[in-house]
Structure formats: C-alpha cells, structure tokens
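The letters A, B and C name the chains in turn, as written, and every chain counts its residues from 1.
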Amino acid sequence: MDLVLKGLNIKGGYELPELYVDAVSDVSLELHRNEVFGIAGESGCGKSTLIKILYGYVEPPLTLKNGSVELYTNDGNTFNISSLSPDELRKTAWWRHVSYIPQNAMNVLNPTTRVRNHFTEMYTAYMGLEKSEAFGRAQKYIESFGLPNDVLAAFPHQLSGGMRQRVVIAISLLLEPNLVLADEPSSALDVINQRAALMFLKNAQKMLGNTLVLVSHDMGIQGILTDRMALMYAGKLIEVGETQAIFDNSLHPYTKALVKSLPRLGDKADREGLKGQPPDLRQPPPGCRFYPRCPHSRPICQKEEPKILEIERDHHVSCWLYVS
Amino acid sequence: MKASNPLKATIGVLIVLLTFAFILPHFAPYDPRRWATVPRDQPPLIAYPFGTTTVGQDLFWLSSYALRNSITLGVLTAFVSISIAFLLGAIAGFTRSSILRYTLTLFIDSFCLIPGLPVLIVLAYSWRKYLSPVLIALILSIFGWAWPSRQVRSLMLSLRERPFTYTALLSGFGMIRMFFHEYLPYIVKWLAVSFLGLLNWAIGMETTIAVFGLSSLEEATIGSIIYWAMQYQAILRGIWWWLLIPILILVLLIMTLYELSKIAGELIGAR
Amino acid sequence: MLEAKNVTRFFGYGFLGRVKFPAVDRVTFHMENNPKILTVAGESGCGKTTLARILLGFLKPNEGTVFYKGRSIHHLRRKERKWFRKEVQAIFQDPYGTFNPLKKVDAYLFGTAKNLLGMSHEQASARTEEVLGFVGLFIKDIMGKNPNEFSGGQVQRISIARALLPEPRLILADEPVSMIDASLRMNVLNMFKELKKKQGISFIYITHDLATAYYISDEIAIMYRGMIVEEGPADEVLLGQHHPYTKALVSSLPEPGKREKWLKEMVNPPGMEVKEFLAPNCKYADICQKKSEKCLKEKPAVFEVGKVKVACWLYE
C-alpha cells in the first residue's frame, strides 16, 4: 500500500488550569511511501504539536480532543496511534516503525556515556543481539553513513553540535522505521553544519526509502528538501501540495505573502512583511483565522471557516477565495 | 488558588508557634528556667500541660522561653550570615578586577569546604563559659554565610551578562542605579528564600551543638532542653515528655519554615 | 566616522586562564560619514558578538583601537562618554531578554531621554511618543506594560524606538531579526533601510543570515574565527565569493532551485576546536578545499580584488 500515515480531523491542544489552548484544529493529511513531506509555519502555528500527535507522544497537558492517526507499515500492519498510550507505543511502534527526532535533538545524548552505548542499547534491546555483536554492527552502521569511526568512542561533549545531530539522526534510523518525524532538525545549527545534517537526513531517506516528515519554519529548507509540503497557520492546515507548486503558484494569501517576503541572494527588490500577528489560540476567533491580516478578505471570512479543497491536482487550499 | 490550602495551614501553624514563643512568655507565672519551682517528673496533666522536668521546671513555660530563644538566635544568625554573604558575594560577582574576583572566590569556596560542624564544636567548647544565644549566633554565622555567598556571586555574574544590563547601560543608567532598579527585584527573591533556609539551618545547628552540651545552658533553648533531658536519662526513667515535647516542637518549627520557604520561592518566582 | 584598527581581544581558558586565544583577531575596518549599512557576517563562534561589545565600548580590546569621529572610544572622559552613548546605540537579538521582565518597558524609554538628553518628564514623554511613531506604535499602548505583554515583533520595535531616542548616528544591530518570524522580518529590515535613507543613520548589522544581509547591506565583512576574511561591497562579496569560506557559506544557503547541487556537494563544516583560533597559518586551511602549501605555513596577507579585500593566498 502506498499510504504510510493517515491523519483524520485531528484536534488537539493543551489543557491548562483555567483554559484550553487550541493548538491543532481539524487537520487531516496523508503521507505516502518514499517521500519527504514538509510541515511549515511560524510560531504558534501548531506544527510541533501536530508532530507529537502523529507520533503518539501525547502526555498531559497535551490532549487529543478528536481525530485519528493510523500508521501502515511495510509488512501490512496497522497501528492506531491515536488510541494507543505512550507505553504501548513504546513496546510496539516507536523506533521500529516510526521514529521522532525532537527539537534540539543534539542534546538528548546522555552526557555521561560514550556515544556507542546508545547504539548498542538499541541493538540489544530491540534486536536481541549480544553486546559484542551489537558493537560490531554499530561500527558498520556508522561507516555506512559516512561518519568517522571514532565518533562511537567519544563522549557527546567532545563532538560538535552538527556531529551530535547526525549521530542522533543515525540512531533514529537504526531500526529502519517506515516513518521518520523530524522537528526542526537543524535550527540550532550554523548554515554549513545545517547543510551537512540535512544532506545526511535526505541521503538516508533516499537510501532507506522511508517517509521523512520535516517540520521547519525555514521555507528555504522546505524548498530544497521536500517533495510535498503543508503550511500551517494558527493550528489550521491552510495549504497542502507539491513543494514546487506551493512556491511557484501559492494559493493562500498567507503563503503568497510569506513566499514573497523571503529574501533571496541576487535580488534586491523591495519586499514586504505581513502586518499584525497570529491570533491568540486561547480564544480562537470564529471564521478564518487569517482574516484580520488578509488583504483579500470578504465578509464570509469572518463568520465561517473555509473547508480545505483541491484546486489543482494534488494542491489543496483552505480559503474562501477559491469557493465560487 | 491551588496553593491556598497548604499556605493557610502553614501560616496557621506559624502563628501558633510565634504566639507560643513570643507572646506567651510574658504570661509565665514564674521564671521557668529556675529549678525546683514545680513538683518534679509530673507527666502531662491539666495543671502542667507539657509535664515537668526532673529538676522541677514546668515544661510548658520552659518550652515557650526556649522556643523564643531558639528562634531569636536563628534570626540573628540568618541576618548576620546573609549580610556577610551578600557583601562578599556581590563584590565577587560584580567586580571587574580579576585579581579581586579570583581571591574572593577562592576565599568563599574555601569556607564552603571547611567542615563546619567540627570547627563549631571546637569553638563552642573553647568559649563555653561565655556562651549566650548571641554568641552562639555569631559563631554559627562564621560558617553560615559561605554557601549563600556562592549563590549571590553566581546571581550577580549571570545578571551582569543579561542583555537588559546592556540595554540599561545604553539608556544611560549608571551601575549603582542599575543595581537598585534592575537587579534588586531578583536579589530580593533570592534573599527571602535564603533567609528562611538559613534560619532553619541555624536552628538545626544550634540544636546539634546543644545536644553536645555546647549551648547556653542557663538560657533555655530547644536544644538545651534536649541536652538536659538526656543528661538526666529521661527516657530510661520513663520521663518521656521531657524529650518528646522539645523534639516535636523542633520538628514542627523546621517543617513550617521549610514549607514557608518553598511557598516563598513559588510566589516570588512565579513570574 | 568609525574606525577599528587591529582590534584584538583574547580569551583565556585553562588553569588561571593561562592559555589565550584571540576571539577577535586584528580586525580592521572603517565606516565613513555617509549613511551605510555594514554587515558583519559569520557563524557562531566567529567573534562577531565580542566585536560588537568592543565597538559599543563595553569591552576593552587587548590590542588595537577603535576611533569614533576621531576619538578613541575606550579612552573617553565622562562627558565624552555620554556623547558617545547618544551617537552610538544598539539593538539585540532576543527581544524579551533586551528588557528586564520585572520592569515596565517605558522605564527604559524615559530613562534614555532623561539620562542621555537631560529631558524633563514632559519632554521625554513627547520624544518617546515621537520615536514610537517611527516604529509604528502608539504611546498609549506601551505605557505601564511589562515586556511579556507584547509579541516578539512588538518588543523588538520598542527596542528600536529606544535606540532611536537620542538621535544616534550609528546603530549596532546584533541578530535583530533571527528570533522573529520570517514573515515579519521584512518589516524590521525595511525599517532599517528607511531610517538610513530618511534619518541618515548608519547600521552595523551582525548576522549569520546571508540572505537578509544581502537585502539591506551596502558593504559586508565576513568573519571566521575572529578574523575578517573578506570584505567589500555586498554585491561583490556575496556574488563574487572570492574567499573559499564565503563560497562555502553562500552555497550552503538553502534556496529553492539549488536542489541538486546543494544535496550533492561535499561540505566540510568548521569544527569548534580552539586550535583553529591559535593556528599560526591560515585559520581556514584545515577544511579548505583549495588549500596550498603556503596556506599551511603562513597567515595570509590581505589582497585587493576589484573593490573587495580578501585574506587568502589564492589571490596573491
């Protein structure tokens, strides 16, 4: 089957003492095999929350109010992620079929043990190998990624941030999961290190043929790495489609403004930023959430939320401009 | 508000303890420290709510005096310690001169490492003829200031590097004005929690050395009551109240102060 | 207007700070009186923040001098220091760190007016209202509020307003937009361009983001491990890419349309070894793709290629 993940009408947010923050509202998406799928958006758009929900890492105050997430593995199994607890997922799906690279992942390595222990642990725990065998496998694995051998013997603090990031990526791919969720895998890194880490990730994806979901606010990275992408704004999915189409033929006013505002080397033309800021998700407004900042708004935008519609092949948008 | 119930309970107990320590002594019908004022070894009865000691003291009134002394001693220690800690820590954190900074830091760290209790015991023993609550407080302060001073130094160092320090400098504010307007709110936060912590520590320390007999034996403190109770082998002779009462009061006091410092930390750090 | 000559600042580490390495290494550049935007670009650890602190007078260089309008800024008398503060201001990266979260933001605005300009409360109020207007804010929305009552973009604008208060000639902006959403960055950057045009204010824009640097700069200096490796007009530096490091930086910029090349080319990310700072040869030689014998032995001299100055043996 070509589908790897199916999310339907996902609605989730943060339950705080006096209020509920509506972080992700009515998001549906489908992920295919062997693709790089980007989720883009700016602060408060809900992309990190969505990733956590897709992974099944839902712990209070994060709650899933509605919707379902289903994972379809290569060997025909189905995991209903939204209905399984983190403990159950840990035993069944996590690492084996889906792995998650959190933000600032380069800091998740245990500072008191050598890097190789993370690898050998994975082998002994999940594949039942003996420690000596595991060590040999880890060596080969590291080499296959083009990482230097002495990385395994080092302590995390002896490696640069970029190297640590690549190590964490390698660990997440060890059991060859069908789906890899990466949340801002390179935002803490400098430009050259960022390139190395992302090249690493993309090449691994090509090699293993898995599905990579790349969450990043950096549109440049989205443009370079992803095949398809989705844009989120204030918890809603506002545009989904092939990356090339989204850049060349942006449909949603937000997407258009965002793409136009990006500075490009060699182009000194004047650019404009957006006015205003995203709405407060503790009290989300009725109607389209982009309404207050939209230059093309109509009366209906303030009252009702637009549904997501396919405008051209594999290019969906949620905007009243495209509803006749 | 969620914190209000533990807060109310803590404040309630605190008020009871403070009343017991500071208001009640004025009503004592006799000087509770003097021996042979009441029948000996009486268990807790209506007449003697906490019982009496083997040397003929009313434990109820004695405890109230003792608590007052213990708390006063603790407050004095905390006050002196914090003052020294603040002075040295602030200089160590603020100064631009690396020699001064290095020497002071070395000085502070050394005091942190010197084992306090043995030295305090030796000092208290050497001056045992002159021990009064005030002297004990001063002796305790010799070590009490060290760790808080390290905290002040770190606090100062980190505040100095915060971007808003530079903004204030760019706005034309001088160092002194910056100290009082920018840093003081943070310092007060730390002070409140530290003070209560030091108070607790001092009371505990005094009790510790008192149990060795190294406290003011004429002026009663909670620790000295325990000392005398042990001297007269109260437990073995079945005079359990003489030991139990001061211990209960001590535990109650320390727990209350701890809760208070926790709450203070939450309230002030709640921004 | 601003001249830095051989500015060097060492940091020590190890026991008693014995081992010293130059965080800023013989940096020399100058800015003339006509309003310009100069970018100092480099990745983290290149020394740009340390350089900023030195240029603002917060840190003294171990060697070299910084002159502002002819006076050495680290040897100013009291009155001159006040004058310097009026002329040179700064904006920082983290909007919420710029102001003390326990205080009201207007304290800084009024403070600047009263301390540097000696204004009375009414005058300060009027001037505050004026500068807030430059950044598109109203004084009634700002008064009496703490920093966390505003969005990041708004706080940054308040920070800019505060910097504009004493009518400065030069503003140092240290990563002013890197913590702001991409869609809002242009607002701030366009503001800089306008301030340069309308009020004749020069900017030193410190960043690691070459795309925004290209958008607003007239001139750019690329820093690597404390040294300026290339400097000149922005177009020629970023499009000419003479120094191998400049080339590596520019080619690593993720821009749609560069896919194939971006994903294929070999990249050598710089490490964070202190030995790179201490190298007696070219600091970039370790990972340079175009190094030669000479690069491993001697520190490169500065050569002129057109209007650009490059510190690289390739251009001898």
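General remarks:
By our rule, a contact is a pair of C-beta atoms (placed from the backbone, for glycine too) under 8 Å apart; a residue touches a chain by one contact, two chains touch by 3 or more.
These figures come from a predicted structure and were not determined experimentally.
In terms of inter-chain touching, the protein chains here are arranged end to end in an open line. Between the interfaces A-C and B-C, more contacting C-beta pairs are found at A-C.
Note: centroid distance chain B to chain C, computed from Cα atoms, is 50 Å. A straight line joining the Cα centres of chain A and chain C is 32 Å long. Residues 16-17, 56, 58, 82, 85, 89-90, 92-94, 97-103, 107-108, 111-112, 114-116, 159, 162-163 of chain C are the ones touching chain B in the complex.
Listed in rising order, the residues of chain C touching chain A in the complex are 43-44, 151-154, 181-190, 208, 210-212, 214-215, 238-239, 248-250, 252-259, 262-263, 267-272. Those residues of chain B lying in contact with chain C across their complex are 98, 102, 162-164, 166-173, 181-182, 185-186, 271.
Taken together, the chain A residues at the contact with chain C in this complex read 42-43, 160, 162, 190-196, 198-199, 202-203, 217-221, 223-225, 243-244, 247, 254, 257-258, 261-266, 268, 270-275, 277.
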